[in-house]
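Look at the two complexes coming up: subunit A is in both, with subunit B in one and subunit C in the other.
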Partner chain A sequence: MVSTVKGALFPAEGGVRERILAFLQKAISQGCFDAVLIPVRAPGTDSFTYSLVRGESLLENAYPLPPVMSVQGAKAVSSLTGHGKGKKKIAAIVRPCEARATAELFKLGQVDLENIFLISLDCPGALPLADWAKDPQKTEEAFTEILKGKASESLRPVCRICDRFSATGAEDLHIGTLGAEKGGILLIPHSPKGEGILDCLGLTTEADISAWDAAVNSLTGQRKEQRQKFMEEFKSKTAGLDNLLDTFSQCINCHNCMRVCPICYCRQCFFDSDNMKFAFADYLNRAEMAGGLRLPPETLLFHIGRMLHMSLSCVSCGACEDACPTAIPVAQVFSLVGGQNQEEFDYVPGRSRDEPPPLRVYEEDEFEEVEQSCAGASAQQEAPNA
Partner chain B sequence: MPKVLRSNKGTEECLLELLRFLLESGKVSGVFALRKVGESGGVAYSLITDPDTLKEALPLFPLMPANAAKVLSRLTLVEPANQPIAAVVRPCELRALTELIKRSQGSLDNLLLISSTCGGAYPLKTAVNGNIEEKLPAYWEAVKKAEIPPDIRPACAACEHFVPYNADMTVALVGNKDVDKQCLIHLNNDKAEQFASGMAGELIGGEIDSEIIESLRSKRQARGKELFDELGVSEGFDVRKFFDKCIGCRGCSKICPVCYCHVCFFDSGGDEHEPSYYETELERNGYGQVLPAPIFYQLVRLFHVSLSCVECGLCADVCPVDIPLWAVAIKTAGSVQESFDYLPGRDLEEELPVTAFKPEEFAAVVD
Partner chain C sequence: MAKRIGVYVCECGTNIAEKVNIDRVLAAVSPLKDVAVAERHKLLCSGDGQEFIRQSIAEHGLTHVVVAACSPKQHEVTFMNVCEKAGLNPQLFQLANIREQCAWVTSDREEATDKALRQIRAAISRVGYHAPLENKEMQCNPDVLVIGGGIAGIKASQVLAAPDRKVYLVEKTSSLGGKVKGFSKLFTNMESGPGLITKEIKSLLDNKYVEVLTESEVEQILGFLGNFEVKVIKKAEDAELDFNVGAVVLATGFELFDPTGLPRYGYGKLDDVYTSLEFEEMNIPEGPTGGKILLKNGKPPQSVAIIHCVGREEKGYCSKVCCIYSLKFDRMLKAQLPQVKVSHLYSDLCIPGKSFQKFYEDTRGLGVEFVRSAKTEVAGDGKGININYETEGGGKSELAADMVILLPAMEPASDAGKFAEMLNIPRDNKGFLVEEHQLLGPVASAVEGIFVIGCARGPQSISESIVQSEAAAGKILSALVPGRKLELEVRVSEISASFCTGCKTCLDVCPYGAITFDETRRISVVNEVLCHGCGNCAAACPSGAASLKHFTFPQIYQELKEVLR
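And now, the complex of A and B:
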């Protein structure tokens, strides 16, 4: 964390939820924004849906940090603004990975952030959807403990190794709760819009954020280490064609992972299109080449195709794995591959809204080793005896 | 007198032998059946052309990784099979295929349809946990006794249509007390007899024992009632309470064999809104739900599929949040089908109620 980061203290009492809601309520009453886009518990149910709220229903039903990620927040922002900006000023309250995915969608032209205040929070992680579906109450109790700061093995695998759980740079304003005193929350602006909220509330960025900064740095260090260790082990289990085939062997081609992915940006998935519908003779030919053809076909190709499309922007949010009915560790695979691809381009998805996606930028002097090996291969083709 | 191919071998072994015979004799060019995939205990449908590969086939494995109708429709959508293929499918899969054919989404040409009296399938998650193998002995014991195997999917435990309609061949499983040492394959028509001719085994006369079938049917009816009562699903129940956990992945539509739209309305952008829509909701109600919006989606889907729903239960099986979609489907589809006296997949010649105009129908509604 850079030392130039500054923040303001918004004084409030209660648990994390109450303090955050107090801030949002105050900001609405001061006219900083008109309403909030936030996970809301539908009355009388265990479920959370992203909704626009303000006033009483905000205080009663909104949950800035629900125990599960039933919908990725970036998808909610794109549902709201995919067709353009609205008239109202909306504060979207999202987890850091959701803020980062929103920034990626911004680069892809699939959200309009002009009237959106993107606000992220320190994220304790989320619990697996499958656990929650089985026993919502028990899951919520476990999450309450996690919110109090208890480390937990019950978090989703990608959350346990997440090293971008705090401010990321994609948001207008970050809410710091880690290591902060109970008397309030830290508001850390990252854009003029974020600063505008502080001005509107009459707050100045003079708070001492060193305790938060230290807590974030320390946990980031731990998580980086955990991530590295985990990925080394995971790589040894999944690398190579046989392991890859086995990892995805139980895929039933439901495409749930694609539908819930905040990044998967195609308006119609290629694999749902007529391009993938072939004549019977083609399928039979393919079967004859190998003795048998797995059906529906292209299960692994689908994952590789999806990976090729979105891995540079993959924020490791884990929504894909949560939605998989056959418990394939799809988020872990995508996080591994995405992380490596991103490193190649020195790109962190959602780090900044202004940083263009690597595939949109031409750099003359990049990946020379690939060029050389390609040149070598074609030279060999021309002179097979060389 | 209907004919039965009988041999003193385990049923699965004998079925595999028949498939191998069909393939090796050139009577078929391929076999469509479940086959082992990977090391973690899963199965997937395969189009098998090599008799050696056929060794990996598990045609009667009690798991349903896809509804075969959806896959066979995909194979024959662009053009009918140009070579004969033997397909081993469950009764509900066969019914769904019939519905898709009625909707011009596939072809039966060149397909030899082999089905069985079905004992049911386990939830997909059972295979994921890797403990399906240990369940198999109890499964086959129950099938032999015409009972409901423990832990099978609720949709199967409540299924009353476990005897196939329109199969060319029917493998006797339910109530076949010697299923592991005696094989009975009913040849339901001339086509089946022609394909089976030359196959080792004796041809005897016989029919599927309707008493045994009825006894299982009544057990399943009773279990169905219990399951519905547990879920609180009854006449006029409020479907909305089931949908609140929905995360909007729409896996239920993607895997549904009879979700027939070429492009789903919900993939078409048809349900997207301008921001003003949500802002108006906020003004009117004090809140505006943005995502997911499952009620509209689920009701539209029910509206589309309920006439052709064969209650295969795959929708519930793929639901990441365990919504009992099978129960919703059975209750709503069941009553829609009943009001038209229509059973999907019973008969290819039976017209879809919405495509047949009857001047005298639903007089009460007309009035």
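And now, the complex of A and C:
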């Protein structure tokens, strides 16, 4: 996938976490950037949260790859820069899906990346938040095994079928750890800013990245297969209005999925607004017409509406599913619908920061088959009167 | 205040009455909430029908009106005016189209009645949510912006400029006159091009109602017929000029197809291969040779070959004036060098029109050779130029010449793309700006108030360009009458400051440049004077901040709810 890409080797010892932190520490001490936005384990607790750190607290508490995704990294970047950039240069350490969500927010004017170095990592996946809340110790042990390269059924379902777990093109710099022997990490720049970090560290892009490349390609292939197989089966269970109603029947209308979604950036959700509140008589009418009305109303419509709004930018990060108190496979549905819609537009959210979102681009000759089928349908309708 | 809705169903002669059971409709509609009166009439659009509604509004103290009749394209404005006459805000009205969309397209009377009922219920439900939008009007601006200082732009400016109409003529180069200035002679009367254009330029510069802006570029044009906001950069002074006009004339002209891309013509490689424009330049006294036809070695040519249709195949069209001006070249050559041998290599001769045939025959009489040829190739051996070609019969032949003049195709000027994008005017697949209608709207563009004349539309002769200048000027004179008021769209977009997230999607989809971004508040803002109410922003806004007045979410919901009930 990225075979033409070049990378540099940053020499470091220890586990993946130690090697990455050594790189970040060195880059800060060399003045490549001023601070790091990274998941940090609150001292003495089991909670991970994105924090701005440098120096000692970076080395002691930061976890570039925590076992869970408690806050989506793109949300952290947008809360920091959504209302304008700062003067300090910040390195944001994010998973590939978080980097892609950040790129989508960039296109929508919700982050300012001028002074942000977006750095992504090879992602082993994350475990369900619910598991972590129930038993942090057991979950952390499972994650340690995963970090060693073990495939695991305990990963979140969308992570198990994720085929975009490595460099995406949206980041300034990617940290390659897959397939790499101990002794360092690969630094793969994707922008002049990323190259600047290598210059700052005195590194050149002459490392042999073939082992990493091969490992990424092989796992991508496996995941693609798994994804296709999973989606075929999943589609048969969720497609159609009845199945969709079943899938979302447990929804308690808490809208948590919307609140944690990195792409849901509206100031107020349309579905929470007065636009979706109607007079008593309207509800009564609807109840009469349909033979009954579920209250609060619009539960499924909310999810369909969100799909309509989000699916082209959905990066399948899984935050929505983690946040669902009733274990609805929200992320899997979104991944299925998003994947199909994105394919229609040949669009991969976050693949590039310059690629405009499809709904902003008018192309005269796209979806001709839809036009033709509409024309055919209306011609048929008109035929009897003609 | 309680709503009091009046519902009027038109029989439209038999058009509606034949297919829709109006009594059943009225019986179903009358008891509905807020309906104060429901009645039928033979022909509501007639004077009698309009008076019937007006009186009924007063008699029943109505707050809203629904008319069930024909298409809003036909009579929406008629009935809105009736409301206004009765003292009701015209926006508090809704038309249900039960003729085109119901009676005319539904064969079964019962079904047609059901459908009409749904449409009328939807209109009743919707109209209760209408807001009384206030009419807005503004003074129409009679001034005109003409872009391009060639013959087309100059002539249009001359016709338009008047005491009550200022013309801004913007030319990107440092002088007026365009291509014509470089044509030493003009066909068919062999008048001097510079002589003709100098007179025209002088008359223009003497006209105090024209402001000529040379070395200037148009940066931005926003607005609509009667009200365009223009921004011009004066390059020499590095200054910006802002002004308003009511119409824009695009006379951006042409450029020649570059024959360098076709190596078989030897252009750029061989010394004495010229384009038509370079040959023209050689013939004017201010030109590089002082008006003398000379080879690079300083000697006059003994033989000249004129090659037609250079780039015609590549461009896919005939530039229609090359054959004619090449005959003019023959006259120019023979006048200066009576002994010179002139040969035309052509595939088709295009000399239409009443005066050209004689011009052609007279030119032949001067001893000019016309050779029908194909696959022409120009080569040089250091001593002279040799031209190989295929004859009409398919055989190979060759011709030696001291000088070659190529007649390249005419292309749109490089600015055509810039203006097409700035003004949302379509271009054809050759890059020329497209007229509103090839036959019926030849100088108007798809955008009201923007006109395209001369070679910006496609290859034209000088006289055709001037005809188009005057045609566009005529259209502008009749549309932009000083003192006329323009009624502005009231059903415009609005963007809620508290919902807008500043993603700028609306800026990308607005075809009228009516939305700007407020950097301090980080939200999008609508300019209601520029907004046409197309609704693109409302459809594209991902956060529900943009909405279109008169087509708000609750209004559409109320309508759909009843249609689908």
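The rule is simple: the second predicted complex is superposed on the first by the 374 of 386 C-alpha atoms of A that agree within 3 Å, B and C clash if a C-alpha of one lies under 4 Å from a C-alpha of the other, contacts with A are read in each partner's own complex, and residues count from 1 in each chain.
Criterion: a contact is a pair of C-beta atoms (placed from the backbone, for glycine too) under 8 Å apart; a residue touches a chain by one contact, two chains touch by 3 or more.
Computed from a prediction, not measured in an experiment: that's the story for all the values here.
*Asks:* Fit or clash for subunit B plus subunit C once both are placed on subunit A?
*Replies:* fit
*Asks:* Quick one: classify A:H309 as touching subunit B (first), subunit C (second), both or neither.
*Replies:* second
*Asks:* Going by the contact rule stated at the top, is it subunit B or subunit C that touches a larger number of residues on subunit A?
*Replies:* Partner with more touched residues of subunit A: B.
*Asks:* Once the shared chain is lined up, is A:H83 touching subunit B (first), subunit C (second), both, or neither of them?
*Replies:* both
*Asks:* Given the touch rule stated above, what does A:D272 touch, subunit B (first), subunit C (second), both, or neither?
*Replies:* first
*Asks:* Classify the contacts of A:V53 with the two partner chains as first (subunit B alone), second (subunit C alone), both, or neither.
*Replies:* After superposition on chain A, A:V53 lies in contact with subunit B alone.
*Asks:* Answer with first, second, both or neither: which of subunit B and subunit C does A:R259 touch in the superposed model?
*Replies:* In the superposition, A:R259 contacts subunit B only.
*Asks:* Angle at subunit A, subunit B to subunit C, CA centres, as a multiple of 10°?
*Replies:* Nearest-10 rounding gives 110 degrees.
*Asks:* What's the minimum Cα gap, in whole angstrom, linking subunit B and subunit C in the superposed view?
*Replies:* Distance of closest C-alpha approach: 8 Å.
*Asks:* What residues on subunit A does subunit C touch that subunit B touches too?
*Replies:* Common to the two interfaces on subunit A: residues 83, 267-268.
*Asks:* Please output the residues of subunit C touching subunit A within their complex, sorted ascending.
*Replies:* Against subunit A, the touching part of subunit C is residues 105, 107, 498-505, 508-509, 522, 540, 542-544, 553-554, 561, 565.
*Asks:* Which bits of subunit A are touching subunit C when the two form their complex?
*Replies:* Residues of subunit A touching subunit C: 83, 108-110, 265-268, 270, 273, 275, 282, 285, 289, 309, 356-357, 359-360, 384-385.
*Asks:* Can you check the complex and tell me which residues of subunit B touch subunit A?
*Replies:* Touch residues, subunit B against subunit A: 29-30, 32, 35, 37-40, 42, 44-50, 52-53, 56, 65-66, 70-71, 74-83, 124-125, 127-128, 241, 244-245, 247-251, 254-255, 263, 267, 269, 272-276, 278-279, 281-282, 286-293, 317-322.
*Asks:* Would you pull the subunit A residues touching subunit B in the complex into a rising list?
*Replies:* These residues of subunit A touch subunit B: 35, 37, 40, 42, 45-47, 49-57, 61, 70-71, 75-76, 79-88, 129-130, 132-134, 245-246, 249-250, 252-256, 259-260, 267-268, 272, 277-281, 283-284, 287-288, 290-296, 299, 322-327.
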